[in-house]
Structures are given as C-alpha cells and as structure tokens.
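For reference, chains read A, B, C and D in written order, and residue numbers begin at 1 within each chain.
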C-alpha cells in the first residue's frame, strides 16, 4: 500500500489485462489495453505471452510506452496477459514487476494481480515454514506458491483451493499454455470485466480497456467468480460463495476512468451525481464552479448542473506531467504544485469560487491550490469535496497508509478548512455518496475508509508498520473501537 | 514547418525561455520554464548556461524530463536560455536541436528561436557565397551567421543589423556571457513576454511559463522590440519600426495554453468567446455540448454558456498519451484514435450531440470521432469548429504544410461535413473570430491561413516543396491570386 | 551449457566472488573481483550486499563495467557476493542473472553459482511435485529451494543437507545477513580459493581476483569443503567426503587466467609445459612458432622453449573486440575472423609456420586462420593443439554442447587437418597433458571430454536436447558405450 | 592534445577511414575499418555517408561498437567516411565528434581529420574577424571554413588553397556527393594509405584497416599529396611541395598496430628491431625478458632474439579493460594498475627480470609495475625502454602535453631509475631507434620529442596553456633554446 506524497492523492496499485484470441496480435492488444489502464499504475509494466508451447515475459520499470519502446515479446502467441503497477520506493524494484511467470508441477503459469492480500505475511510465513522461497516482495507470489502446492488435478481446482486460503482483495488474470483465467475475490473489492474481441476474449480491470482494443463489453466478473477461457469455451463459475460484496467506492470517486462502467454503474454518471448531491447538501453559492483537474472535473460539472452556477476552468493542468528531474532545491513542494497546475486569472479574479475536488488526504496540496487561487484574485474559495472525510486506512489495495497521515482522522472539518485556508469546506455525506451510485446497493460496496466498517478482518498494524497481526474486525484498532 | 498526421493538428514549432538571475538556480528555472512550454514542442529540448566566463549547452531528443533525466548543466550560472522544439522526421535530428551555441569574433553567443524565416534559404545561399558554412538545417543558424558577420561594435547593434536582413517570424532569446537579450520580429507573429523573478528577469514565449517559475508578469515584448538585460539594467528598445503587427490568431485558437495572456488578451477568454460566437452564429441546438479534449474544451464551455445547452464530457482522453510503440499492423489509424479518446456512452447515448473542436486540418480524425460517437449511440452529431476553414498554408512557424492537405482548400463545407460524417458542420466566421479577441484589433493579427491576407511576402513553393522562390505578395500562388 | 559459435571456443559458464570485510568497501571490491573474473562470463553480472540487516542485489545484462556504469549498490555493507555469467541466447535473460536473492523460513539468503548440476531437472521435478515454484531457468534455483526446505536449524546444516542431494559441479558463494559461505563440490570440478584482505576475507573462483583486490592467497577450498566466515571466525569443514577429485583440466588448458594458481598448480606453468610436451611429441620443425592469441600464447612460448624455434607474433588481435553490430550481410563469418585477427605479413611470409592453439571445437575458425596465414605468404602452416581431441560432451559447466558439433567426435585427425587446410596437425596426447600438470595427479582431474571417463553419472540427452534422463555412467550414451 | 594520466601513455588523437565503392555496403565497411583503427581513438566515433544526393552523419560518444549498437546510417550509399577520436574531458563533448558535415556554397561536404594544426587559433581568430562562426572546439572546423571561403571553382582547388594556409599535422578524409578525397600534410606527420576493395577504393590511417575490410594495399599517400576518387578514376596529385618529410616516429614505437605497414616500413619489424638494438646497446643480462603488455611485447621478443635470454609472460593484462566505474575511494591509482595488470609469480619469482616497455612518460605506472614484480619475488628488475627519453612536447597530434609532466625533461636517467625503483634503467638511443626503421631515412621522420628538432615552427605555449603564440623554431621555448 503506497501513498503519493507528491500530489496528495490516494493510489490504486494495479491494473490487469488478459486476452485469448488466436489470430489476433495479442501482445499488441495487451499493450493498448495496459495503455488504457495506465492510470491504475505507472511504476512498472509487463506482458507475458504464450503460443501454447513456450511462455515468455517482458517487464520493466516505467510507463507502458517506455517499457516496450524497444518492442513487444515477439512470439506468435495467442494468449497474453499484462500488468501495470503503481510506483513504490526502495531497492530491487525490478524484481517486483508483474506478471509473475513460474514453472511448477503443473507446468508453466503466469499471473497478474490487482489488489492487496490481508493475510499475505501470514501465508508467506507458513509457506516458508514448508520450504517455500520468495524472490520478490509482492504478495502475489504467495498465490502462485499456493497454486503450486495444491495437489488438485486441474489448474482451476488448484486456483480454487489456493484462493480459499487467501484473504483480502484480488483480481487475478492467470495464463497457462492453454487457458486464460480471470478471478475476482469474493468481496469483489476491485473491478474486473470480460469483453468479446472478434472470435476471442478479453479480460480487463476496467471497461475502458475493452473499448480501446475495440472489444465489446460482455459482462463483469462477479465477486467470487472465475472465468476460464480456452480454445473451445468460455466458462463462468462461482469458485467461492461471496461473503459480502464490497466494491471499493473509491473506484467511482477517483480511481477508475470516467468512461468505464463498473458492475453496471457508469463511473461518469456516479461522479456527476456526486457533484449534484454535493451542491444540494452544501447549499453553497458562488460566482463560478471550478474543478481541480482532472479528477474533480466531472463532479464539478454535476455541481454546476444542480446549482446553476456556471462551470469554468479556473485551473489549468500541464498535460506533459511525467517523471521529472528531482531537484534538491528549496521550495520544492511549491514548485511541484505550480508546475502541474496554474490558475486562470481572468476566470477567478474578483470571483467567489467554488472549487470541487474528489478527496482530501493530507490536505497539503489543497492548501497550495487555495493559496494560488487567492493570489490570482479570487474573492473567496469554497472547497467542495465529492466524498466524505477519509478517516480510516485501507487494507485492500489503496495507499491510505498510516492513519496519522489522514488529515480527517485527527482534525475536525473546520480545522481542516483552516489548514487549507478555504473560506468554507464541504464534504459530501456518506448518504449523498450512496445516492450517487444508484445501481449498486451501499451494502454491496466498501465504505470502510469513511465509516470504518471493514468488510472482512483487517491486519492490526504494529508500531513499525512492518509486521501484521490479525484480529477480529470488531476490535479494529484503526479507529479505536468504532 | 511540420504537420502532425498523427492527430490531425497544426503544430507550433517552438517555445523559448531565458533567465538572468544571479543567485537563482537559473538552469533549474529554465527547466521548469520549458516544462510549462512543453506544449509548444516535444521533439527536443536544450538549455544553455553561462557563469559570465564559460558557456555550456546540453541538448537532446525527447521531452524536457527525458532530455534532462540525468541532470542539468552543472555550472554555477547566472544566465540561462532554453528551447523546446516540435517533432520532425529525417536524419541528423540531434544536429538540429537548440539553443545553438557558437563562438565568433565577438565572443560566445547562444540563441534560441521560435518562428520561421521566409527568406532563410535566400540568406543562407548568400552567406554561403561569402564563405559561410552551415552545420544544421535550422534557419536560426542564418541569424547567428549574420550576427557574426556584422562589423558593429556591440552585440545589440550586431543583432539589429542582422535582423534588418531577416524576413518572417522570429522570437529570439539570445545569451552572451554578460547579457540576456530577447527580440520579437516587427510583425510580432509569435508571443514573447518578460517577467520579474525576485531581483532577476525572465523572458518566455508565454506567460504560463512565468507563472510556473514564480515570476511576475512585467510586460510583453512589442513587435520590433528588443529587451536587453544585464547586471545593472533592463532596457527595451525599438530596434526596427513594426511593419504591421500580425500576431498569429492560432495562438488564441489552439497553440497557447489557456492560462497564458498574450499581448493583453487572455487566451482563455478568447476561446470562451469563440465558443459563444459559434453558438450564436451557428444557431444549432442539441441536447448536450461536448468538446474534443483538451483543445476544444474552453470553446465548448463558451458555447454552452451562450446556448444554455449543458456542457458534458462526452469524450475522455487518455492522460498518459506519449511516444508509443510504432506497430506495423493494420488498422493503425483507428487504434491510434481509440487509444487517445474514448466516448462516454451514458453521456452521448440517444442524444443530439454538439461537438466543439478548435479546427479541422485534414478532417480524418474528426471523421473517426464522429463515428465513435455514433457507435456509442449519439442520435446526431453536430460538429462546431471554433475557427474558420483553413484554406491557406502558413509560412511563419506553423505546419499547415502543402495546401493540398488542407481539406478546406479543396472541399466546400458540405463536402467536408459529408467526409467527416457529421449531421451538420459549423465553422466560426472570421468576423466572429475577430470579435473573440477584443483586446487586439484584427488589423494587428495574422488571419492569412483563413483569408490569404499574408502580412508580408511569402515564399512561392515549388512542386517538390524543397526549394523556395520568393515573389511579391500580390502574386501569391497559394491561393491562385486571391 | 552453451557454446560460442562466434569464435569456436568452449565457454566456462561463470565466475563467483565473495567478501566479508567490515570497514572495507565490499561492493567496490566485489566489482574489481568480478572484473578480474570477467573472462569466466560476459553475459551478465550481479552484486548482492548486506549490512547485517538489509540485503540488496543489483544485476544486469552485459560486462561488469556496463552493468554498474550507473553505480554500485549503495548500502554501507560489510558482506558482498558477486557473479559473472556467460552469454546465452533466448528470452527472459534478465531473470537468469545471479546472485539469486530470496527470503525463506531461515531469513534472507543470496547465492552465486559456478558450475552445472547434472540432476537439476530431476530435483526440480521433485521439488515441483512438493509444491515448489521456479522463476528462472538456472539450476542454482534448485539449490536455494533445497536449502529452504531443509528443516535443519543452522544455515550450514541446511546447505550440507541440500548438497547431499545435488550432483554435478558447483562452486557456491552464499551470503546471509551474518555469514559468507563458500562451498566446493566433492569432485572439485571448478576452482575456488580463499584470500585474506587486511582483517577480512575474500572467496573467489580464481586467485587472480585475489591479486586484483590486493588480497593475499590463503588456501584453496578443497573438494567437498565448506568455508564459513562470520565476524569472529573462519572455519573450514568437510561437509561431504570427496568422491573422487576431478578438477576440470580445461581450467589449465583455456579457461583460467594464466596468472591464477589453482589447487597448487600455476596455470601459466601448466600451459608452458603443454607447449613443451607438444613440441616434444609432435617433433614438428618450422621457421617460427606463432600462437592464436591470446589463449594459445603461453603454450606457443613453451613450444618455442623446447624446440628452439623462435616465437613470433604472426597474428595480431584487435584489443577492442566486444559486442559488435550484428550485420545481416554476406561473408559475415569471414569478416568476423578478420575483424578480430590479422596476420603480420613480415613474420609469416615465406616461412614454415608452426601455429599453436589451445583446442579445436568445430574447426571452422582454425580453417579461416590457416587460410589467412597462407594468403599472407606462409609456405606451410603446421597446426599444433595444446590439448587432445575433444570427443565427448561436458556436463559440468562447459558448453561442449551436442556431440555432433565436436569435429573430433566424427572425424579422424587427418580429416580434421584437411578440413582446416593445415599442412600438418598435431594434438597433445592425454599423457602429455597429464605431465603438464605435475602438481595434481591425473586421477584428481576430469579428462572426460577427451577420454569419456566421466567422474560421476551424467545425463542422457534426448534427441531434442531439451530433456534429460539419467542413467548409470557405465551406459554412457555419449560415446556409444566407451 | 591530450594525455592519459590513467595509464601513463601517450595518446594518438584520431583515426580516419574512407571508402568509395558502389555496390558495397560502405557504411558497414567503414564500421569495420574504424573497428580496426579503434586503438587510435576511443572517445567517440562517427560515420558519414552519401548516396550522391543526400548526405547523412551519425556520431556519438564511446567505442565504435557502442556508438553504432542501434545500427548504421541506413542510406543506400556508395561513399562513406569515418572517424575515431581519443577521449577528452570537459563539456559539450558531443559537439566535438567527427566527421564534420556542413553545407556551403559548393554543396555539402564531410570531413574527418587526424592530426593537430599548429596555427588553428590564429586562423580561427582571422576567420571570426571575417564573420565566421564556430560551433565546436575542434581545429578541423577551421579547415572546413577555409574550404567554404575559397572562391576556386572545384573542391580540389578549394582544398588546395585552404591547406596552403594551414600549418601542422593533418591527414584528412573528405567526402562530397561525388568524390572521396584523401590528403596528407606536406610533412607527412601521420600515416595515410590507399587500398583496393574489388572495384572500389579505401583510404585509411593504417593498413591494418585495409586488411580488416578485405582490401588490398595499393600505396601510401605521400606527404603533400592528395588522392581524389570519383566514379571513373583515382588520381594522385602533389597539392603542395613537401617541406621536409617528418613521419612521427611514435607511430612505429607505440601508436600504430604492429600488423600495419607505414610508408613501406613494417611496424612489427621496426619494434622487433628496437628490441634487438636495445639488447645490444644496454648489454644488460638477466634470467628472463618480459614485456609490459601489450605495447612492449614485440620489442621484448626482439630483445630476447638478440640477447638469447628467454621471453616469458611475467605480466598478464585483463582483456576486458574498458570504461570502468569511477570510484571516489582512496588508493584509486594502485587499484587501477592492479586491475589491468597482474604479475605471474611462477615466472618472475627469484628471477632477474628484464622488463621491456615502449616508453616512459611520467613514470608513475612504471614504478607501480616494478613494485608489483618485486612483491612477486623478482630478484631484480631491469627496465628497458625501446625508445629514448621523451624530453620535449609534441605539437602535431600527440598528447605529450606540458613539458613539466615529462619525467625525462627534468630528471636524469638515474633519477628516473630511482623514481621507478628499478635496479637498472636503459633507454634506446636515438641512433638505435633510427637503425630500427631502416626503410625510412631519419631525415624523413620527426624525432622532436626526443631531440627538440621540430620540423616546422611550433606554438609557444603561454603559462596558462590556453593561448598560443607563434615564433620561429630557432627560439623554441620548449627546450629553453636547444
């Protein structure tokens, strides 16, 4: 779980893609699929392919177009899977790129994982006791090890047996020499969907990747479901009974691309509605509604729709933001915001500005943006956040990290308002958020970072943050017994 | 002059930046300045620095953050200039990066150039007859050669004498060991402005670069004006009488960043007004107004303001578009559009969609986008273009290239509509465009690509397009005698 | 096991290095140590370090100076191990670089391996049946897996238990957070020695690496011996009784650097003596003795000593031979020899030339060199080889590959002479070779590639060469029942 | 002029190659040609090609195989020229790579230069006064500028006129769209020869490059001669009367490859003879003769021939020496020698060793080697140098640099012996050296670094070493009036 201090945003950890399509350029399609999922991870990328006999993988650090600048795996393959991963720090990073590719008693297998296991350390320790070795620090290696240890005859059964041991969030795309398999955990924390590409099939974290490769949306993989594609058939089966569906609400708030449809709910429409609800709840009035681009824009438009206050572009984003030179100079942080965003003076000067953003994590960036708008002449800045205060950490694949970093875990709303220097501050209520996603029952989603209602037991983090201990959810330490 | 077939957009060729600021990290500031100007050129970047004694330059192919990934020029400098350049094709590209750095009788000089000389070949031929040698294929080398040949005692006089010979568009940032000099051609084709950074000075193509480095806007460099900055003073002087001011209207339509203010006119406000005028002129009605992001967005918002039709995000852009793998596969073009843009079905389905874009060059991309919207269920697509039809090539630093590539030079509006498959097609009129830029008189701008009224003589392009011949403007071959 | 078709030479697979030296720059010393062992492997290089708490590894494709051009692992470590590996072909090469670094029940461990296991496939299959997964195609991963599965309390016991299962050739350098361990297989196929560096200790494949880092030779690691170094002590122990010592004779003939001393025998003196024996046995006379540089030079000097015929440099080698551009042009092979070697006309013209080389594998390069000398005017070329004909493949870490590639396995000596176009051809006899290594009994060496007397059971290679089956040595298929 | 402190060797600055061969792969041949000349320069490499219409150049930092790892210029060319350059330090190095390629009144021209002009600053100042601009710091740019300024009708006449102004050492390979031209300065300081490759022609610094590409030696280009090759003919003409032939004696001593033949003299035979003469003159006796590899080897063999003392390899050189990691550690220098060379204990232990090297510059490396031999047990080390003491700087393309760096300019021979710690020290006499090159009269060679008899006026170096003043040779400051 990682957290981007750079732009004060939560981070999704990964995106996955898979394709089974004899006759198609599967590696190239995976490339474009990952490209469409790039927002889910920018640290590293990888593509594994098989022609039914050989299996090959190419992985590297950087964006998809950087990793594959020299070319794609050249094998004339008919199955491929791919992975993008969010940036972490530390050594040996190359080891941690995915897809993993291993050989085991059942043959060769490649695996790409989106999510975060809550009992990975536990399982890893157990596997190590049985003689297992681990060459990476990614928890997906645990799943591979479990599959390899299973004594079941088929790979589907091996996977099923293994996942019975695993807790937490996982969407997996798995490839053998003959099959492409997609799996979604019983809670359905992360999205996964299937599309049809001519005579072949595609699996992806989000439907926008289907659109990009020209595949037609077929259906979502349901929580606890496994989809197996081979040369003859596509088979969906419930490998485990779903405990309680708990799709991460942040997929709708921030992570997913607005042009994706997840579990029947358009992300765009959800964000638009969050803006509408926010306008209604806050009741705040001003001269213009602006967004913190790009993630706040759709909600800002919804706010404008509901309030009748005109939407305008008060902040411009540099379209070429990428990995930049790390300077040891002072004022780094300020430069870093100014470098990415600039105010449009003519829009905000002398105006009472309603600024919509999707969330506040630490609040540092929000403060800088408010200051920038004031310096550009804004008469007032009313900050409207299209989600509730984040008070609790996430254990299922997002980087809310330690609770102390979350400004809303220790400060009251007015204290936050003071910290960021806004004239007023309005969060969307949990109820408002729930109403914004009409196609899914709130009971089928995870709002734990807002309400501490974790859908499954969570690790109790020790002081060092390095080791996990596991307890019943009722004793959740995170919130001091909520 | 180059033209991007990839996305069917006109291309600005360059952006320039300069800084004179003892005590500041001038190379780092230039880095951030170029970063803010990255939209003006993505092929190559370079930074030259001087400490008053030594002069050094670092140049390379790629984006600013790629070229300087290994670090900036390390000299403890107090003056720096920088350049970003648009992507070209062909060999020896590295030779053509800027800033140029040469030694001549007057010492060392570095120069960065935005624009396009119309008599470069002529002058180059002349200089070669006098024994000049040229190591690059950029016309800026001609200016350097003229400066070196001048017998005037000061560098300012040398520059003045040289520029008297030069025709066309040029904004120059020049650095000697002691001085930072900015020059804007007598027509003022391209923008150039000056900002104050603490005790130092900054020169940049656009004001957004001043904002990014934290400099305060001081004033625009006027057409025919030279600004000279040394350790004691900043001096503005009219080095030549402006012939006729002719700022490129496309800076407001498309090139410049919306958060820039050029010659007293906010780019954002101009674009907003173009949208308003377009709504008024076209009179077209529909369910929603969408834009082709990002360049059409501000005009689309203006269209929405005027028409009262709600603005929505009907197309989503991949935020990670960069240099991608070049595949030799079929259907490349279609993939290439789908890879960058995706429709938001819930927004456009069953709707009569008004789609606003800034311009149409060849029309191929527009056609693909219209098709994509129809496939997503749009009932009708009305294409509204916030500029008039481009009928004539540009000779002053844009890549309208050969006239035959311009769809509007050979097709009537309804033919274009048919070509792109829209239900209706509406261009902004020249008058409407003029009204959108209220702070500048139309007489002070160049609309030649729309009306063939070139502000100065232009080269007559031969069949091959390789050699230029020069004639009086009245015989302009481009339009067959307009 | 790989074979370099490029220069028709056998290839050693690897070199290893380890250092335990608090207060020394252990990563830098490992860098220099690998540099000295570069002749043992040019495909990839890696260095793992530990500070007693963290462990880090850096690996890459290329020569040592290429892999670490950007710097060494930066940890303030006190133990380090390193590895160089010979070039292979195929995909996923980066996966196969060493040292391996894994975590297991006993903590973290890094391992570098020189040699080739003969029962790796067998063990791997067995481990896979027990649920093991393998991420590389290197047989060293099997050893790591065995160590991890051992239930013994100490790492030394775990290693001992594991190696009891392993057959074939291995010199291992292993690092835990506390210890540096060196192991040499019971046959002692590959060399391994220990040196003293101030207050610390160094382990290396060859003594030349000790010299390079300024360490003093302490003693060889004996077959079946393990050396364990921790902060207090250095302990040598016999972890298994040596079956039959079988140091690879090719270390003296070609692999090792002449300035190394292996198991008490100077490589230089051995080669010199091979030349002397060859002169005596062949009885051939000529005007000059030349060598195929560099590997034939020492034997050629010995030949000259014994025969009294002057040694001269008849062939010059390009000192900058490295990875070169792969051209698709004709005559590639010829260019490839001429590019590396050139005749010195004044030396060979009109002369009867005795040319000494260390070995002949396929004979193709030898033929080209003979032709080159004849074209330079040599009256006669007598080829003298300072080793016997190679008739049998190696299974212990050299790349003699399939038997069919070995010219001496299918052709009589005079047929080989004709093939290479020499006027006469003389191989050193096995007895002469044995006499050249006086410090080791022939019974303590492996001459199997010459006499098919394999010191342990060897894999029976199937047609495809992809799978191994194992039989008793007496049925050795390689030689059809020798 | 640069001097390698790293290995205490003089450095040649450049190697040049040219080919005119319709139907041949000229770029590839140039690649191999430069590869063969790599010993003449390792900093950068470049290849320019023309197909008679277009001209292209590709240049970069590093060895030939590094610069062209991504491929060669792809043009289907029939003429090519290439250049390798020795390593320098400082910024903007990429600017200084060759071949230069420029356009001027006469068309396009590419030029590669081996040598050093003694009046480059003077001419450059003059050209700058006439308006010339210089983009590099290489003196070859002056030649190009002179050619461009010439008003003569043909390129041959332009070159001839230009070279009349130029003083110093130059071998040039020049390419126009139609012609390949080779020029050697009137003194013939540097070698240049012509070979025949099927129906085409090759020009190269040394004959070893002809051998490598499979060309047949045709003849040397004579001092003051120009060779012009076009599609019909090859023409040799004396463009200026040779002043006094003055081939650099160091080509025979150290620079050239032993397999080259220069001006009718085999380099190998010359070196062999230097060793013989040295044995005779020194009269020193010992147990073995060893060389400092590789440059001292041929002379050591000659010494052995003459003295009857056996030649042995007492020092082994690491064959993979290349650009290594630059460490900031102590003892760098010592490591640096040990890293490259190692003693062979069995060879030198207890022996009186005669060590032959080609020259001594500063003496630092020699001292380290002597110490290494003594540590390996050598009873005595007698250093024999196959050239006289270097007392005077070179101005014609070698890097003897400032006189103060030359140990022989300030120390008597016995002082040098003490400095390097040898038991005795013997230099070859000038007369002995002269006798070693029987095919050229001493009057036709330059021995100035030994005897201060400069063949033409030389620049008088100021204190700073940055500016040159020129005086008559009789007042030569270098030697204080020799």
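Here are some notes:
What we mean here is this: contacts are C-beta pairs under 8 Å (C-beta built on N, C-alpha and C of every residue); 3 or more make two chains touch, one makes a residue touch a chain.
Worth saying up front: this structure is predicted, and the values here are computed from it rather than measured.
The greatest centre-to-centre gap from subunit D, using C-alpha centroids, is found for A. The centroid of the Cα atoms in subunit A and the matching centroid in subunit C are 49 Å apart. One simple way to say how far apart two chains are is to compare their mean CA positions; for subunit A and subunit B this gives 37 Å.
Here the CA centre of subunit B is 61 Å from the CA centre of subunit C. Annotation for subunit C: no residues touch 2 or more other chains. All chain pairs that touch, listed by label, are A-B, A-C, B-D, C-D. Of all residues in subunit C, only 25, 28, 31-32, 35-36, 38-39, 42, 63-65, 68-69, 71-72, 208, 211-212, 214, 257-259, 261, 266, 268-269, 294, 297-298, 301, 305, 310-313, 316, 318-320, 322-325, 327, 329, 334-335, 338-339, 342-347 touch subunit D in the complex they form. The part of subunit C that touches subunit A in the complex is made up of residues 54, 56-57, 73, 91-92, 94, 100-105, 125, 128-135, 144-145, 148-150.
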